[in-house]
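Heads up, there are several structures right after this.
In what comes next, chain A is part of two complexes: it sits with chain B in the first one and with chain C in the second one.
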Partner chain A sequence: MQSTRARTTVYYLILWLVAILFFLPVFWILMASFKTPNDILAVPPKFIFQPTLSNILDMLSRPNTVPYFINSLYLSITSVSLAIVVSFLAAYALSRYKFRATNFLMFLILSTRMVPAAAFVVPIFQMFNAFQWRNQFGVLMLYTMFSIPFSLWILKGFIDGVSTRYDETGFVNGASRLHVMFRVVLPQVRPGLIAAFIFNLIFVWNEFLLNFILGGPGTQMIPYALAVGLVSAGGNIDWAFVASLSTGYVLLPTIMIFLFQKYLLVGMTFGTVRGEV
Partner chain B sequence: MSTANIAQQGEQGIARSRRSPLRAFEESRLFPLALLLPILLFFVALNVIPTIWMIGMSFYSYSLMSPAPPSFIAIDNYVKIYNDADLWSAFSRTFVFVVLAVGIETVLGVLLGFLFWGSANMPGRRVALTLLFVPMVVTPVASGLFWRLIYEPTFGVANYFVQLLTGSKIDFLTNVNWAFGAVLFVDIWMWTPFMILMTLAALGSVPKAELEAAEVDRLSIWQRLWHVIWPHGKFILMLGVLLRTIDAYKTTDLVFLMTNGGPGNITELIGLKLYRYAFASLNIGFSSALAVILLLIAISFTSIYLWVLNLRRYREGA
Partner chain C sequence: MLDIRVENLRKEFGSIVAVDDLTITFPAGSTTCLLGPSGCGKTTLMRMIAGLETPTRGEVYFGDRCVTKLSTRARNIGMVFQYPVVYRGSNVRENIELPLRAEKLSKAEIDRRIEEVVELLEMRHAVNASIEELDNGTRQKVAVARAVARRPQIILFDEPITNVDISSKLQLKRALKELVTRLKQTILYVTHDQTEAMTLADQIALMKDGRIVQYAPPRELYDRPNDVFGGWFLGNPGMNFIANFVDGNQPGAFLNPLFVRPLRLNGTAAGPLTLGVRPEHVRVYPDARPDAVRARVLGRAIVVGGQHLVTLQIADFVLKAKVAADVGRTLMQEAWVHLPLDRITLFGADGHKPDVALHYAVDHQSLHPTP
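And now, the complex of A and B:
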């Protein structure tokens, strides 16, 4: 008895060690954001140091930090919400009415997410220039499109899992189609809605290339700020700023995967694999 | 006909007799199309039209750098791509990157996934898994940057340990021998957790009863792997490998931030190359042709992915 307990303890310690090893690079940056610039550049690297909040205060006091954070939040929340509404309507239709082109349409829409961003950004760039859409509206629409494939796939999967008997019971009781959609089916696909929301939020939150190429002052997000605003006066990278900004930015996805861990699998596989880990 | 059916028809009759215009619309054939309309609008405006435009442009000679108007040159852009040794080497570099990254991630992920299989009762499991899965949700721009800090030749922490071990320092990201491996290492760090996740899911898809039967029958580890776990788990594992393949082939942000393709073009993957043609040299015609080729590659990957997915549905009846 004693020895099996000792063995499980060692086993759990090994698992913890693996998890901590993967986290270590992030932890190093987390520490750097509490170091003075001199401590960051110290040779040999300082593992024990006097923590300071000055980097974080400096980051927050720079003129663009807060607006960029707001852009990140606004663009990701709005576009993902819009994508989910649009996808829910379509997912219900594709699940309940048997169109002949359903599978083909699902395939086409999924394949748009498999293309390197650089490939479709060329025509989008020209189109947005021509229509003068390189503003908040244009980027918002683009991110909505970016979030649709995944939302559609996950929601259709979940709605397929809701038996049509629920719909029929509703109709028998005199309910309208819209009532059935929003009051009967919608509550049952809540896990799908949450997974679609959280993971699209993370994807849009992290997106860089489209934002970099198409964005203007009203749409630039923190990844843009990280990539562009990282050079300090001396021509060297301002590591204190980079460390505190990336630590602040990584906080949201980290909290999300802690809180919504059971949706992680569905979230990382476009809703094609179900289950919990 | 059962009484329930008759009752249902009767009720529907009643519902129909007092229908409002909204009800009439809901029951008409237009309703499902109306539900699909918003998504189709998005799809047509932001995917179909740009794609057609892109395919069209790929047959033109058109550069924003030159004042000449676009002129039709048929398949000359594609011929140019075919003859461009630089592009071929970018493709083969991307191929090597994808094979190495996905291969190593799969092996490591499967081994660690098996290790984590029995962790259901681990204290603080949720925190440990969050730490483990953080690398894959970190903004690629941020991870690209902070790995630069770690790799930094003078004060980077990686070099501190390298110096302890070997006595000299290595400038990983500008050294011709190390840059590719250094970028590959970051990709492996980011995405091995994903393969762990997929392995756990694959193991979770094996029916408990069959595992217990194998236990009772005292099958050896290898027999269990081959006869019990593999037949059920292989689909999810394959889906994981395919998703990683598609994603690794798209890698752009990471190399853009870490090395910008350098030193020379050692780390110039195809996504970055395309970006260069389109936005550094502003050669719209040529880059459109290249984009069409990347699109076709993406579509073929997606077809394989869905083929495996359907195979699984068919076999497992799920």
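And now, the complex of A and C:
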């Protein structure tokens, strides 16, 4: 009894230490966004300081900041939503109509995400140039496409877990296939939808390379703003700007993860560790 | 109300014949149980009637309408599956309501129907409960309610009680009995549990290897099985069988150690006949009687209902008999056994009941021949 408690204490102590260690840079950025530029780099670091909103106000007053936020929100939410719709339909089909080579097809779809972005950014750039897709629509489509494989895998795992008896009960109760899909099966896989949504939202939200190379004024998102605004006119790193923008930037994913963290694990395991969701 | 008729219905899965050229009518307004062991094709038959399985050949009719080509949805049926299919994340009412809403019924009508089924299934208290709170038995009731609330022409039950925990089994069975008696609907009920079939059915179709062995009311099926299989499958334990009891062509009187008086066959059949008698129809007495033969008691056990299951040996034959507790207790090493002729069934070598009957060689009638 005594030793179990001692072990638990040590266990949690280590967990807390590691967590704090990992959280320190985030904490530093968060603090920095409320410090004056002089306080930010003060040695020794200032833990007690007069908080100021001037960094955040300055950041928001820069001409492109608000459009960047809007682009980020618009592109990530729209593309992931589209991807979820497509993936749900595809996952239902792949789960219920078990035609040959389903598994191979699933592998092929996932394999599009096995290549690092740096490897395919040039061909994509050429393609998008040729299609004249280097605009908001093009980037939206690209993100949608890249959100589909993971969503499909997660949702197929979930739909496989819904017995075909559900479908059959729907049919014998006079339901159409669409009714079965959206009114019977869909509510059963809601955790999967949430997992797929968050998982891909974080991907799109953080995406920089493709956005930077393919995009234009209509598509630039916060990561682009961070990269571009990093160095101030004088050649110094503009810590105040970076810190305040980063604080705003991590807000959405943080809230999302906090609210839906139990679904995130499901997403990372492609719905294979389903438990009681 | 419609009857269900299948004609030459056949289903093959690869080389396995699940349903073997069945032709049968399940009458309107009554409950028919498809009873048989696992893998006898009863569920496949039901799924073909529901349209969830495409027959290899043959036709399904509801009334005069051929529905073989119709989709499940167009058949206007209700079906309850083995595993309670309920929609999680919604309450009981929403579960029952969902198909009704799809039919675009008025709010008042939906309310009326829900009212009706929850009343019928005695689950008023649970109407607003969330599905997660319910045990499997109640969930299955929800599934039943959902099927019934649509007022389909035909209701199909596919072993609805099998996966319900023991404690709620009896309660659900009682609720279903109440339901089928009050609905007076065309109901088809698949089960492998004979007591379920006996309780619920107006008639039972006993199935084996994709065929219907016997189609009769429960009592008749139990008392007069026309096949060895029916004798063996029904009852707990099933019939006693005495193989090679008599040659089917035996013209004259014969004696058998199981009977005190000589017997005679009325009619002839090919090959040796097997005698079948149910354990509860074997009469056992603790003392000698003129119409009973002496038997040695090999063993006894107490079974459901406090009855005693006695194993008896008469000459080379071993019989099981179910006797009342008070008789069972008094039995020592010896007992006297009488097999009533009207409780005995003879089976031919092919397992079917031939057209012969067993009589005493000298019976009351032949002593006093009618003029």
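One rule holds for everything that comes next: the second predicted complex is superposed on the first by the 250 of 277 C-alpha atoms of A that agree within 3 Å, B and C clash if a C-alpha of one lies under 4 Å from a C-alpha of the other, contacts with A are read in each partner's own complex, and residues count from 1 in each chain.
To be clear about the criterion, a residue touches a chain if its C-beta (ideal position, glycine included) is under 8 Å from a C-beta of that chain, and two chains touch if they have at least 3 such contacts.
What you see is a predicted model; the values in this text were computed from it and never measured.
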Chain A residues touched by each partner, larger count belonging to chain B or chain C: B
Which of chain B and chain C A:Val172 touches, first, second, both or neither: both
Touched partner set for A:Ile56, first chain B, second chain C, both or neither: neither
Touched partner set for A:Ile40, first chain B, second chain C, both or neither: first
Touched partner set for A:Ala19, first chain B, second chain C, both or neither: first
Touched partner set for A:Arg183, first chain B, second chain C, both or neither: second
Touching partner for A:Ser163 - first (chain B), second (chain C), both, neither: second
Where chain A meets both chain C and chain B, residue numbers: 168, 171-174, 176
Residue numbers on chain A that touch chain C, as the complex places them: 163, 165-166, 168-176, 179, 183-184, 187-188, 190
Chain C residues within the chain A interface of the complex: 50-52, 71-73, 75-79, 81-83, 85, 87-90, 98-99, 102-103, 143, 146-147, 150, 156
In the complex, chain A residues that touch chain B: 11-12, 14-16, 18-20, 22-23, 25-26, 28-29, 32, 40-45, 85-87, 89-90, 92-94, 96-97, 99, 107-112, 114-127, 141-142, 144-145, 148, 152, 168, 171-174, 176-178, 202, 205-206, 208-209, 213, 222-223, 226-227, 230, 237, 239, 242-243, 246, 249-250, 253-254, 256-258, 261, 264-265, 268-270, 272-273, 275-277
Chain A partner contacts - residues on chain B that touch it in the complex: 7-8, 11-12, 14-15, 22-23, 26-27, 31-33, 35-36, 38-39, 42-43, 45-47, 49-51, 53-54, 57, 112, 115-116, 118-119, 122-124, 126-143, 145-150, 154-157, 160, 189, 192-194, 197-198, 200-201, 204-205, 236, 239-240, 243, 246, 249-250, 252-253, 256-257, 270-272, 274-275, 278-279, 284, 287-288, 290-291, 294-295, 298-299, 301-303, 305-306, 309
